[in-house]
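Quick one: the structure is below, questions incoming.
Chain IDs A, B, C and D follow the sequence of writing; residue 1 opens each chain.
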Amino acid sequence: MQTGEMVKEMSVEELTKLYRQMVLIRRFEEKTNEMYHAGHIGGYCHLYIGEEAVAVGALNALQPSDYVIGAYRDHGHAIVKGCEPKHVMAELFGKATGVSKGKGGSMHMFNREKRFLGGDGIVAGELPIAVGLAYSIEYRGGDEVVLCFFGDGAVNEGGFHEALNLASLWNLPVIFLCENNLWGMGTPVSKASCSIELTERASCYCMRLGKVDGMDVLAVLDTTRRAVKYCRNTRKPTFIEAVTQRFVGHSVSDPQIYRSKDEVAKARQRDPIDTLKNQLIGEGVKRPDELEAIDEDAQREVDDAVEFAMQSPFPDADELCSDVMDTEYFSAETK
Amino acid sequence: MQTGEMVKEMSVEELTKLYRQMVLIRRFEEKTNEMYHAGHIGGYCHLYIGEEAVAVGALNALQPSDYVIGAYRDHGHAIVKGCEPKHVMAELFGKATGVSKGKGGSMHMFNREKRFLGGDGIVAGELPIAVGLAYSIEYRGGDEVVLCFFGDGAVNEGGFHEALNLASLWNLPVIFLCENNLWGMGTPVSKASCSIELTERASCYCMRLGKVDGMDVLAVLDTTRRAVKYCRNTRKPTFIEAVTQRFVGHSVSDPQIYRSKDEVAKARQRDPIDTLKNQLIGEGVKRPDELEAIDEDAQREVDDAVEFAMQSPFPDADELCSDVMDTEYFSAETK
Amino acid sequence: MPTLTYAKALNQALIEEMERDDSVFVCGEEVAKWGGSFTVTMGLLDRFGEKRVRDTPISEEGIVGLGIGAAMAGLKPVVEIMTVNFIMLAMDQIVNHMAKLRYMSGGQVTVPLVIRTPGGGGLQMGSQHSQSLESMFVHVPGLVVMAPSNPYDAKGMLKTAIRDNNPVLFIEHESIYNTKSEVPEDEYFVPIGKADVKRQGDDITIIGHLKMVNVALEAAERLESEHGISAEVIDPRTLAPLDTQTLVQSVKKTGKAVIVQECWPHCSVGTDMACTIMSEAFDYLDAPVKVISSANCPFPYSRQLEQMALPNVGTVIDAVKQMLGK
Amino acid sequence: MPTLTYAKALNQALIEEMERDDSVFVCGEEVAKWGGSFTVTMGLLDRFGEKRVRDTPISEEGIVGLGIGAAMAGLKPVVEIMTVNFIMLAMDQIVNHMAKLRYMSGGQVTVPLVIRTPGGGGLQMGSQHSQSLESMFVHVPGLVVMAPSNPYDAKGMLKTAIRDNNPVLFIEHESIYNTKSEVPEDEYFVPIGKADVKRQGDDITIIGHLKMVNVALEAAERLESEHGISAEVIDPRTLAPLDTQTLVQSVKKTGKAVIVQECWPHCSVGTDMACTIMSEAFDYLDAPVKVISSANCPFPYSRQLEQMALPNVGTVIDAVKQMLGK
């Protein structure tokens, strides 16, 4: 479907939601960057600025009971899948009110209730796990699907290969969504993958392949919706490559010596938020001032999130060694 | 090329060599089985009976300076690449005169001088190493190639994926030769791989693919020769699937409950040794009695190998902890 | 009481737990049609069907990940890794995922996955197929590590492992699958974290796990009959969390300890237990705890060499005699 | 003498060895253009070109295998694994290949491969990025394991590692790359298997490696100035093979030892050294050797929690004072 048509067919609420979520992520990440440099956030911190259309488009194709798992660049995915920004921000601050009680950090956002099963800091580590989530669905005869995000760099890990073969062999409902932002740290796809067409790299697993412009939220939504429908109906896996751009460094402390300012400037000309904004205004769905109000509202939510994170307590000392194991080991008496 | 034509074009010596090597492996493996059950050989022991045409055909396409590395079903490969049968048998007996001093065993035949770099007991473990061997060739600007053998089961390991991508990405001269004997232990290819066409599984690595009847030694020779030529000239990797059959169990102690006697009987009708024998006789290259003489000679060599192994001493006790490290660590004085 | 092999006892545990709880399933290389390389899963495919007893491709990383994901979603997978040697391919999933997901998610996610895998040497399998790698798992917080030495424990421990809510590395031993012992017909469980005093004694404590329990017991019998030495033999059974108390108590009583393991010496279960005992029973010890391990080299193929590489009854007896000055 | 950072000292070692020997090459994720995640390989690409300084795909198993193969064929690869956490993906190549090829081939094959990789915590990297996993490598026979604590050792040890004929795991520490010390301009080497007494003392021996050497030294200074306690500080530098003699000699002199490590407690370098010392200096010890480790849990992200998880100067001082009854 042309995304212009989609704007005409979708409800104002739906469209507004996509816009708001992208803006919310953008503001959230900008603030995260600020808070990192102000010393409130530590460790590795990977921002999603520029790539918002992928998570927003893809996750809006799901039903709430579908599982989601992804990589370490996960703030946006966590928020769209249902974590409150304040709990994500509190996690970044290492506070007890964070989604993972402050123990996980930037790369390990979790919300089990919302079926967001993390953030994974090991490149491609989440793919075999996604296959297991899907196995559980088939095992129980459910109709859910699993949406698994990973980067272009993950395609070269052995775990990618084992996971795609298993999912295909056993007909498991996983949507493997490769967020191809053209770089894995400072390595371009061409220096990491024998083919720069990542759909080609997935072409040997006998599964349906798709490629989409990851800078166009409606295109991502449309493509993912089809994939989800296919997956839900056939119970087979599919692979989608979403070509996107990160407008910022690999992490907050990346000086980006490996790519030109020009490349980034060019990428920014296709800002996914602007694209949708123009469509919404152009098609008369929203007025500029209405969108501005949304922007402000998102900014407020992010500011509130920071306030919440600031006010929240750090974890108690006894949290250090809790959640390691269920120390109530099974015993015959507890039967 | 039709293999019938090859018989006409090749020299008697070449053809005889192929025949003799296949027979030698067959007799060697039969004797190995006997010696295993007589208690002279222990551990895991995987025979190559039925698959001889693959190693013999492929290895005869190489020049001596080319590297070879393979899996645990390696007696035949070791012999064709230049290990003396008596040293291979002695290795099986765990004797000090074995190719690996009795420390390696059935799965770990090595002959560094002949550039046979093992036998590997980890499924797909040899593939990344093969890539490293090839890297060393390119690094030095040599013209050698690497021939790397592995089974159909190895295709589903992550190491396969990483190795093929690397070799393709960096243009390294490796011939990846998949010995598809249709089974990985008791698992048929269809239960392990999303596609039963293993060339399809290798189709995403942007390398030349080939498939060959692994029960026809001349076909294997021809296909591998082309691959070696391509590889030597272009310095790029290639993938060959040789479809073959093991006439016996996965290892000497496999009762084969997973496949029918019928399947095995049918496979035996295409015995690669008989096929070549018929071609040689049919084309008047050799008379039956000449071939019988070769058979007897091979049998004698195997009997001598057993005699040699029997007579050889076990390793000395101090061999236990030698060859672990080079204990002459580098120090400034040794500069 | 019926007598069962170690393999059969494990098989019974699987059957009982699978009958009781639909969410328990088994997967791994050759577990279904073949019945498991060591026959532990024999008959399960016919009984429970392919959904619950599944042959996998040779993809160790993939199938451990599969087990983790399924466990996170509430199933109770029992993944077999054919031997512990191959688990090196799944270390990332085990160390960076299975052991940490609960913690990293602030307790939201649980991973009630059991990985069954046998190790050990003595069968001339060579360097890549003879290892005892349990020490690596004991090193990593977040994992329960169990290692039964006999059919009774095997069954009771596997049932507990499956019922427990934690990730469990369940280590078996390749050369004791055919050893037999009495196994009750009534349901029973062996608790996590509880060592077992396999033999009472006063003069010295001998500690071992897996096959080395048998070695220790045989050594103890001969020490008694041939040398009049009364050895206590303890099998920790669970290696993590370790039942330090039982070990230390015994050593406080005997004042001497020998630990025997098939692991390599360094950074091992054996030296770790020795360190704990020497720390906690320091004033009770007449001599340092002696740790007998496999030789510090890859395992050789050749039979005699391999036998030299492994601890045996003789080496245990010698160590005890030396310690007691006999 | 010029003062260099730990990162720069390593960088110099690489440059010197690469200039000397054409067969030395570097590869790994982000080692070329980026100059290494921690700047250790900065400038090498320009100097030596892409053949010798090569960015790889994210394929840890593949690139360790690549290094093994190249080393078997006579090259001298220095493979960087970005952090030790990711090495779990290459464990099979390390444990089942790199460490065993020499032995399994009866001594024919040598694997002069150096794997450089940093570990350690304290930077809020979270559970999957803060580990100290060197104990796993020390467990496995066939590997040299080196772990320098300062720029001088870093340079001299890396040069030795490259020249040596054995497979070497060369463990660095993420949070000391910017620490500085004097590094001679003339060529020098630090030998394998030689501990270094970083500070002389009489009352107690403190042993640590990597960053914990700095912690131990600071604790020793404060123990001296604030409590009049004279602590000897030893850095084993090579963890395998361990310089047992130097450790034991010191403890025989002081009669007391504290070991401090960032590793987790069980089956670790620390408890292993403690076991060795308690065995070999049993009669000289006034108290059991105390091992201070990271908390037995995955590393938490939150700063305060993480700081609690790690040993620090205070915990060392407390342990020493307690041991000396002060």
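Definition applied: a contact is a pair of C-beta atoms (placed from the backbone, for glycine too) under 8 Å apart; a residue touches a chain by one contact, two chains touch by 3 or more.
Everything numeric in this text was worked out from a predicted model, so none of it was measured.
The pair with more inter-chain C-beta contacts, choosing from A-C and B-C, is A-C.
The chain with its Cα centre farthest from the Cα centre of chain B is A. Averaged C-alpha coordinates put the centre of chain A at 40 Å from the centre of chain C. Separation between the centroids of chain A and chain D, computed from CA atoms only, is 36 Å. Here the CA centre of chain A is 46 Å from the CA centre of chain B. With touch defined as above, residues shared between interfaces to two or more other chains in chain A number as follows: 100, 102-104, 108, 120-122, 156-159, 162, 165, 169, 191-193, 324. Shared interface positions of chain D, i.e. residues touching 2 or more other chains, are given as 56-57, 59, 61-62, 85-86, 89, 92, 96, 103-104, 126-128, 141-142, 296-298, 300. Of all residues in chain C, only 61, 85-86, 88-89, 91-92, 94-96, 99-100, 103-104, 126-128, 131, 133, 135-136, 138-142, 240, 242, 263-264, 266-269, 271-272, 274-276, 278-280, 282, 285, 287-291, 296-298, 300 touch chain D in the complex they form.
Residue ranges of chain A in contact with chain C, taken from their complex: 67, 69, 98-104, 108, 110-113, 117-118, 120-122, 125, 127-139, 158-159, 162-163, 165-166, 169, 322-326, 328-332. Every residue of chain B that touches chain A in the complex is listed here, in rising order: 156-162, 164-165, 168-169, 191-195, 200-207. The touching residues of chain C, when paired with chain B in their complex, are 29-30, 33-34, 37, 55-62, 85-86, 89, 123-129, 295-298, 300-305, 308-309. If you check the complex, the residues on chain C that touch chain A are 23, 25, 51, 56-57, 59, 61-75, 77, 92-93, 96-97, 101-110, 141-142, 144, 160, 163-166, 188-189, 191-193.
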